[in-house]
Amino acid sequence: MSTAHISLSLAWRSLILVRRMPSVFIPSLVMPLFILVATAGAFRGIGALPAFEGSSYLAFTIPFATMMGGGFAGINAGSSLARDIEGGFVDRLIASPSPRLALLLGPALAAMVRSAFTTTIIFAAGFIGGVSLPGVTGTLVVYAVAAAFSVVTAGWSMGVALRTGSVQSVPLMQVVVFTAIFFSVPYAPREAQDGWLRTVSDWNPVTYMMEASRDAELAGVSASSLGLGILSAAILITLFGAFALFGLRRLGN
Amino acid sequence: MSLALRQTQALSRRAVIRTLRIPQAWVPSLFFPLMLMAIFSGSFAQAPGRIPGFPEVAGFIDFVIAGIILQAVLISGTSQGAALAIDIEGGFFDRLVSSPVSRLALVSSRILANVVQGIAYALFFIGIAMVFGARIEYGFLGFLLVLVFTALLAAAAGSLGVVLALRSGSAEAAQGSFPLFFALMFFSSAFFPRETMDGWFKVVADLNPISYIVEGMRVPIVGIGDTTDVLIGLALVVGLVALGFIACLMALKRRLRGDL
Amino acid sequence: MNDAAIEATGLAREFKGGIHAVDGIDLRVSSGEVYGFLGPNGAGKSTAVRMLTTLLAPTSGSASVAGHDIVGDADAVRRNIGVALQDAAIDPFMTGRELLKLQGVMHGIPRSDGGRRAEELLRRVDLMDAGDRRVGTYSGGMRRRLDLALALVHEPNVLFLDEPTTGLDPISRQTLWTEVRRLNAAGTTVFLTTQYLEEANELADRVGIIDGGKIVAEGTPAALRAEVGEPTLSVALEDSVQAGLAREAMARFGAFVDTDEQSVAVRLPGGSSALTEVVRALDQCGVVPRGLDLSEPTLDDVFMAKTGRRLEADEAPES
């Protein structure tokens, strides 16, 4: 059985589970939408600042919400894996001749699909709020950034799951992901940020991913921001992909 | 009567000690709101006075402290609720009920514990905010007024947690309700002025009692607004505390009757 | 003066869906008695105890504990009872000593005495070393002992124990039994529920057998057993000659019971007390028994006779 084949089956299983255990997954599907509505509604006034260049704050928030969707999808991959480890499903998989890599690729793929789903919901909500789709390339970039982020967070979360083997570690997965997003550019562009926050966000790779998505959404894809975004995504995926892969070694100990 | 007071004091003391012994019970109440306070202040630093509708406060952090404190006591309120649910699940609650413990003490002790925690959190956040340049315009009296609001908000949040615990008997249900109330906070002027909002969102915020409570609490800190605002805020939060307390007693009665 | 420690008349509790967990119970437990409530899982024992300890209101009937009505005068009841329910009702994040002191405050014991009382109780239930450790670290047996100590903080007249030794190892069980006997000897009335025959046999002065929410039999263990039948003595012999002699020797002790050729069996009304006489009689007739077996009816037999089911069935098919 090839890695690809098994990965696909695991991805499918992961997605099916959403229907079987809605209470576990509904929050992570509803939360990004809530973030969009609550943020854009509460802080709309900040859009009057010159740094925003007159763009709609709702449009400004879309990349934040879609990346949060990606983040939740990635965390779900980790929490599901932790649950499977506790429940023994993973043991059965290890005992079979299937390649272990599939354990990671499957859920990562599912996370990407889920992030695409939430991104669509966000765009729809934005549309209702009066923000139209930012052209073909722009829309694709927003989807891509969210999906890439979901892979990064899936790598992190699954790595944690493999090392702890316990659902109790989910809060740890969440804290790191949320901290990473919140200390980038969720609420205001870097130019508007206060000194210390600006320094932190300058160093945070997630910032460049969000900026790539935001430029695509607001101004049109620019080569430089897209380039930085792709670079950051590549670095993070490599980093956390390796984190998860090395976690595989720990299995069965 | 004094026995009931002694019992309340002993049970609250136990609730507070127990919280301290379990980091997961109090760390989120500090960490999450702290993070938001930092990020909001960092992101919206240019807002005060420069955006139509935003009052001329000294700094954004002065503006947002009240909402942050509210968030912290809300988290700890649901935490206390979860602790009570664990008592119910584990049978410790039964032990208390079968002892001559005043029914009032059973409920008040949890609420009182949250008030104690709330005051501690308020001191923490105000302290940190002041390190970063915030000032309380109305001085020491203003500070006391903020603590009064905090205590009342914590009492309301505590009673909310108690009601959830008594009705569900499940720690998960009590804890899991937090996102809902967290959401409610955004649909108010807890973090940003209502004057800058628009459309249906503004309508909701205008109707949300939390808006008026936080606005009242904010007056002594930022020095903008009048006594009416403070009084309206106080009246509303006192009303919430009363409602919450009644709801607690009713939920307790139902549980003791065995209908749950 | 009414010296009933516990009295119930038509006590019943119905739950939503028409479930009669307790279906009309009449009880009278005298002061200083040990009363055992014996019955299988789901018989209504715990529900009955919860009502008597004011944790649950009855839907009909009435009861009084320590002379006070459980509904009308609940607080007075609570001052006089000690309760140790099924799940050891403790808080894992507090130490044993802290819990004992807290319980003291709940009962209005002045703070100065509370510490002393806690110390005393820790010693009595043999938890001196563990007293300052968090209860979450205690073993199952230790938790039960602490639970018992908590129930005794205010020196109650009536002690309620709901399945006190379920799930405990034999040593912990014996320790608990010894403590119950000691408490009873000092004058405490004990009301205990159990699903273990041995426990009812060993501890109870009187036993109430409960099934399906009703009391189906009540009395001292010996009386209940005698109701069902008399003990049977079965003697195994070497050969038919010996059997014949044994038959003659044993004829006057009781009615014969059919058994195999190599054995002789009679009903022995006196039970084990009549055994020596039988042995002497056999000896005088020159009988050398290969084996003696005295089987008494058990409370399980009593349960079987009243309900048609076994009490300690491992695989219980009923709901």
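Which chain is which? They are A, B and C, in the order written, and residues in each are numbered from 1.
The rule we apply is simple: a residue touches a chain if its C-beta (ideal position, glycine included) is under 8 Å from a C-beta of that chain, and two chains touch if they have at least 3 such contacts.
What you see is a predicted model, and the numbers here were worked out from it, not measured in a lab.
Of all chains, the one whose mean C-alpha position sits at the greatest distance from that of chain A is C.
Chain B has the C-alpha centroid lying closest to the overall centroid of all protein C-alpha atoms shown. Here the spacing of chain A and chain B, counted between their Cα centres, is 31 Å. Chain B and chain C have CA centres that are 50 Å apart. Distance from the chain A centre to the chain C centre is 60 Å, each centre being the mean of its Cα atoms. Counting partner chains per residue, chain C has no residue touching two or more of them. On the chain A side of its complex with chain B, the touching residues are 27, 31, 34, 37-39, 41-46, 48-49, 51, 171, 175, 179, 182-183, 186-188, 192-194, 196-198.
The touching residues of chain B, when paired with chain C in their complex, are 3, 6-7, 10-11, 14, 17-18, 21-22, 87, 90-101, 256-259. Within the complex, the chain C residues that touch chain B are 13, 15-16, 50, 53-57, 75, 78-79, 81, 83, 85-94, 98, 102-103, 105-108, 150.
Interface residues of chain B facing chain A in the complex, by the touch rule stated above, are 24, 31, 35-36, 38-47, 50-54, 179, 183, 186-187, 191-193, 195-198, 201, 205.
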